[in-house]
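Each of the next two complexes has chain A plus one other chain: chain B in the first, chain C in the second.
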Partner chain A sequence: MSRISVLFASVVGMAPTRGEDTLPDDVRGWDSLAHIRLVYAIEREFGCELPEDLLLVGKPLGDLAAAVRDSAPGA
Partner chain B sequence: MNQRIVITRKQVAQFAAACGDRNPLHLDMRYGRTTPFGQPVVHGVLAAIAGLTRLDPSILSQLRELRLDFHHPVFPGTEYVIQVEPEEQRTVVRLLLGDMVVISAICLEHLSITDRQLPVSTLKPNLQHSDSPEPWRSKARELSTETLPEVGLEKGSYGIDVCRMRTLLDQFGGSVVPTHIISCLSWASYWTGMHTPGRDALLSAVVVRLSRIAASLACATSDQALYQVEPPSFHRRTGLVRIEARLLPSGWDTDIAVESILRRRAPQATCESVARHLSPSDQLANKFMVVIGGSRGLGRAITLALVQLGATVLVVHQRSPERVAEMRQDAGQNRDRILSAACDASDGEALSTVLDAQETAIDGLILAAAPVIPSLPFHCSMIGPSLRYVERALRLVWAPIAASAGRLKEGGELVVISSEAVEEPPALWPHYVSAKMAIEGLARYAARQWPCNVTIVRPSRLWTELTGGTTGSIGTTPVEVVAAHIASHLASNQSWKGNASLSRKATVLSAGDISSPTSLLFRKDEEHARN
Partner chain C sequence: MACIVTDLGNHDRNRSMTLGQLCGEKGRGESMNGPDCTQLMWSVDPYAGYGEWHELSKSMVLNRSFQPLRHVCVAVLATYTTDLLLPLLSLAAARHRLSLEVIETPFGQLEQMLFNDSCGFRAMPEYLVLAGTWHELGLIPGEPTDEAVREAVKRWTGLWDAAIAGGARVVQVGFVPPAVDSFGMAASGEDSSISAAVARINTELAKNAVGRVVFADAAAAASIVGLRNWDSPRYWHSARLPCCMDALPHMAALIAGAIAADCGLTARCVIVDLDNTLWGGILGEDGVDGIAIGNGPLGESFASFQHYLRSLRQRGIALAVASKNDPMLVEEVFNRNPRMVLRREDFACIVASWQRKSEQVLDISRRLHLGLSSLIFVDDNPAERAEVAQALPEVQVIEMPRSPASYPDALASAPGLFYVQHSHDDGLRGHSYSGLRQATELAEQMSSRNEFLHSLGMSAEVRPLNQNSLPRAAQLIAKTNQFNLTVRRRTQSELERLMHDPSVLALTLALRDRFADHGIVGFCLAFTEGTDALIDTLLLSCRVIGRTAERILVAEAAKWAAQRGCASLLGIYRPTDRNRMVEGLYPELGFTLRSKPLDDAAAFEFDLLTGFPQSSCFIQEMAS
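Right after this comes the complex of A and B.
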């Protein structure tokens, strides 16, 4: 499981069911508060700053992962 | 076994007095109305403690770790279900609304090894009396994104009014929650609501880890607990605040981690903020417009935009005369073109009286009032509350349209505010999208049956005091942009130029039409120049 997926599972309370294609509608606990925690956890873990449009819940997990890869190659 | 619970406003006031968390979000009706909840809400910690009373006393006496998550607000007078579920090595208590988890409490008899989400400090700071202890606050500290990062280490002593607290908790029946647990949770509520982040806080999680110590160690007095709070960590862009603290209630050493959100209050539209999106003109000179809900949010921006184009606007508000006074002052030489009427717009008869008192017929009616939007799950037990919401929302459109019959000029303008959400309904808003679709249906009825131009506006997410948003303006369209588009659209009314062109069909302005800062305005300006 990728580091993003591990973070996701620890914050949201369950693994991303569809990998990077996972959407908030797929995981019951991925609400706006969980998303804020996820952003916080990702930025701390990878030392990056996610783009503004990813601060709001809605995009698939893959978009967060891609943003991390763009900001920190090798993550 | 599931049990039902209702927490009353009186119990909220009793809890505030017993624990010291007098944050206006819980006690001040006027303040509550300016929040996304539309009314004061119950302290999350009070609802959680009420849930803990359903645990077996043996679990409570052996409790060593407790994690509370606050997912949604608890409203006074609303019935919730408390569910207790024993799981392997832990017990979970949930406060449910339908099948939606509002609060969850995870209770462990042993300390867990790690908690990645909300780590508790393993530091054991020196908890001696401070030379300058934090004062006991009776008014909530107001920290902002600028001042919060400046908060350093803070120490003091804290105690609940045990007698008052017991009198309150006895009303819930069930087991007696030990005083040291109540003290820790009450401190978390007090600290979040009164100190950090203070007034604009929303408590989102608390983790308490408890260890027994000799009762005589490090206690200020038997009913006061010393505490030390590490400097908060703050994620500016999301508003997430985390603090770690140590509290010493009699006989216990506790590590407490508290997570909260610093709410950002949406700025109200001003003449200046509207003028950045709309040039002044006389396109609507001598037009008399009525804006229902025109004192705040999108309605306020629409009012100012219409005034900017020369209209005279009657602002109908329920109880915000000071806001209209502020708008008039802001409008300077245009102040006399902003009129004010206090009226419950969902009361058609009352609104008819207000409209009758005006000296002129109405050129345009803009319906911008809407109730605050609670999150309601799509669940059998929520049918009643959901339909009550739909009725409240629909009344705020139905009554003004009915009241304006015979008062809205032929060829006049009727504008209703719908939402982009009708195309992509959010999970916990079935009532919201139902209400908006009903409102759109009514607008279409008016377009067909009345000699007026009807416009349905479907803005994307806005940042107003009623829609909240911890991330501030991110991902939202400024109300001024939407208002500028609406005002410009009205100014292009052909029938006002003598070219009656009633289509008998409502025009829909979708989010794409009204979110760009310039495109539609440019087009309208061109049309205006041509005409």
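Right after this comes the complex of A and C.
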């Protein structure tokens, strides 16, 4: 499991069902609140800052992963 | 902002517990169980960040060993999202041994909850926390702010009144200015800047709060953390969070601290070690003139710590010494070393002996009539700290840093020292504890108790409750556990209503003796019910237990009842696990037990047609 998936599981309470294609509708518990905590956890883990449009819940998990790859040299 | 990815501040936070330490070798779900739980709670540091706090608050839900001293119900009404904050509140409260039931409220519905009779709270919580952000204050940089300041004060104080009328105690969280102000570093001097307007609103609210609500100064909390580390515009814009995630534990600590302090869950006495705690070096080896105090960088560090301790004393917290030292040498330091900041008389009690530290602490607790949970223990030696923590887990033992320059910071972060504004009688308290120690010593010399009570030269002033004494009375009701016959926690607003009710007697008692002025230390509430008069509340501060002051209040109540044509005076005793000491009070005063209990409490009766209960013969009553 990728580092993002591990973070996702610990915040949301279950693993992303469809990997990077996972959407909020796929996982019960991935609500706006969980999403803020997920963003916080990702930014802490990778030492990066995600773009504003990813702060709101809605995009697939892969978008978060891609943003991490784009911004953080260590990811 | 940078705060999202870095730890807040660069403090020497080696006293902070990590999650792993708290969880020990057990699984996370079982963390904070076991006898050491209370001590561990104190070490939970807001600087640990949101992630740690969130995990800890989750494991707290499962925790069974936490034994709170108080339980209160609280609701937070805020103009921002509180969903992430609320779970942290219970953890923050646990650091004060306070257990919270947190009621969730809809976001931004302040007026709707408080001004609407039908859709507000099912039952008003004991504490209502009101909080907002600068965004909705209507401030436009560069434009006059007077109107906005007036409006803000009007809005929030109006909410206070509604909450108070509903029976809640209000905690107003102050406003935090933005990290970025168009006037930059000069903002505080520019009346039209947002920062200056926010500061004025805070000042106005704090001024209005005195004796009315608790003001929790979030701007001060944020300035200690650093505004750039606190403020987070992106989380405001995207999620209506008032601050960045890592500032949430600080916000929770502020709110919980204010509630705990208002409930009286604060330390009453700081017990300090001497060698390498109050001064550098070992007195027995370095001698009275050889210890480091006030001279050089090391001596200055210790002098600063002494200054900090002295300011605590001025705040009403007693100081005591527990030291393994020769008592004669210790006296000599106070008499002879001119660089000592603290004087002998700054200490309510000095124990210098070769007993174990835990025994010394017990001795101090006994002499000062203070419960163990109201004591803070400060010692540079980790072994001594461990011994006290092990033997007396209720005592709050402070983790001390290596460097004495950081001692004040370590002690100031102790949950027990959280400070909120108080009614003015608190200032007398530090002095009162000194007087208490002298009185206890006198008692040890006296052969009989009566002789002792006479020798104290006590005088009491009994007055009807009034606007000035109201906050102190409310505080006593909230705090008193031992000498409290019914433990009915009436709120300040309830008292204010009762104060104006002609069928109610509400009396405060102030006591002084030849050692100290104790201020208002007793309260009695009685009302008439047909031909009976009922003592609803009778309590004394633990500082004056055993002084027979309760007799004055009961006798006054009897006089009042007789004047209103009552035939009997009823006294109620509602047992709790902490007020056993007054179980036999009414029989002692000549009351007889009624066969039928009143609700679930024992009712005692005094027949007023045969006379009045005897007042105290040791205390002179001053005309009010």
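By definition in this document, the second predicted complex is superposed on the first by the 73 of 75 C-alpha atoms of A that agree within 3 Å, B and C clash if a C-alpha of one lies under 4 Å from a C-alpha of the other, contacts with A are read in each partner's own complex, and residues count from 1 in each chain.
Just so it is clear, a residue touches a chain if its C-beta (ideal position, glycine included) is under 8 Å from a C-beta of that chain, and two chains touch if they have at least 3 such contacts.
A quick note: this is a predicted structure, and the numbers were derived from the prediction, not measured.
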| query | Of the partners chain B and chain C, which touch A:25 in the superposed model: first, second, both, neither? | reply | first
| Touching A:48, do we find chain B (first), chain C (second), both, or neither? | second
| message | With both complexes overlaid on chain A, does A:36 touch chain B (first), chain C (second), both or neither? | response | both
| query | Same chain A residues contacting chain B and chain C, which ones? | reply | 33, 36-37, 40-41, 43, 49, 52, 55-56
| query | Which of the residues in chain B come into contact with chain A in the complex? | reply | 71, 116-117, 204, 235, 237-240, 259, 261, 427, 470-471, 474-475
| remark: Residue set of chain A touching chain C in the complex reads 32-33, 36-37, 40-41, 43-44, 47-49, 52, 55-56
| request: Quick one: which bits of chain A touch chain B in the complex? Just the residue numbers, please. | output: 10-11, 25, 31, 33, 36-37, 39-41, 43, 49, 52-53, 55-56
| request: Enumerate the contact residues on chain C facing chain A in the complex. | output: 1, 4-5, 50-51, 54, 83-84, 234-235, 237-239, 241, 245
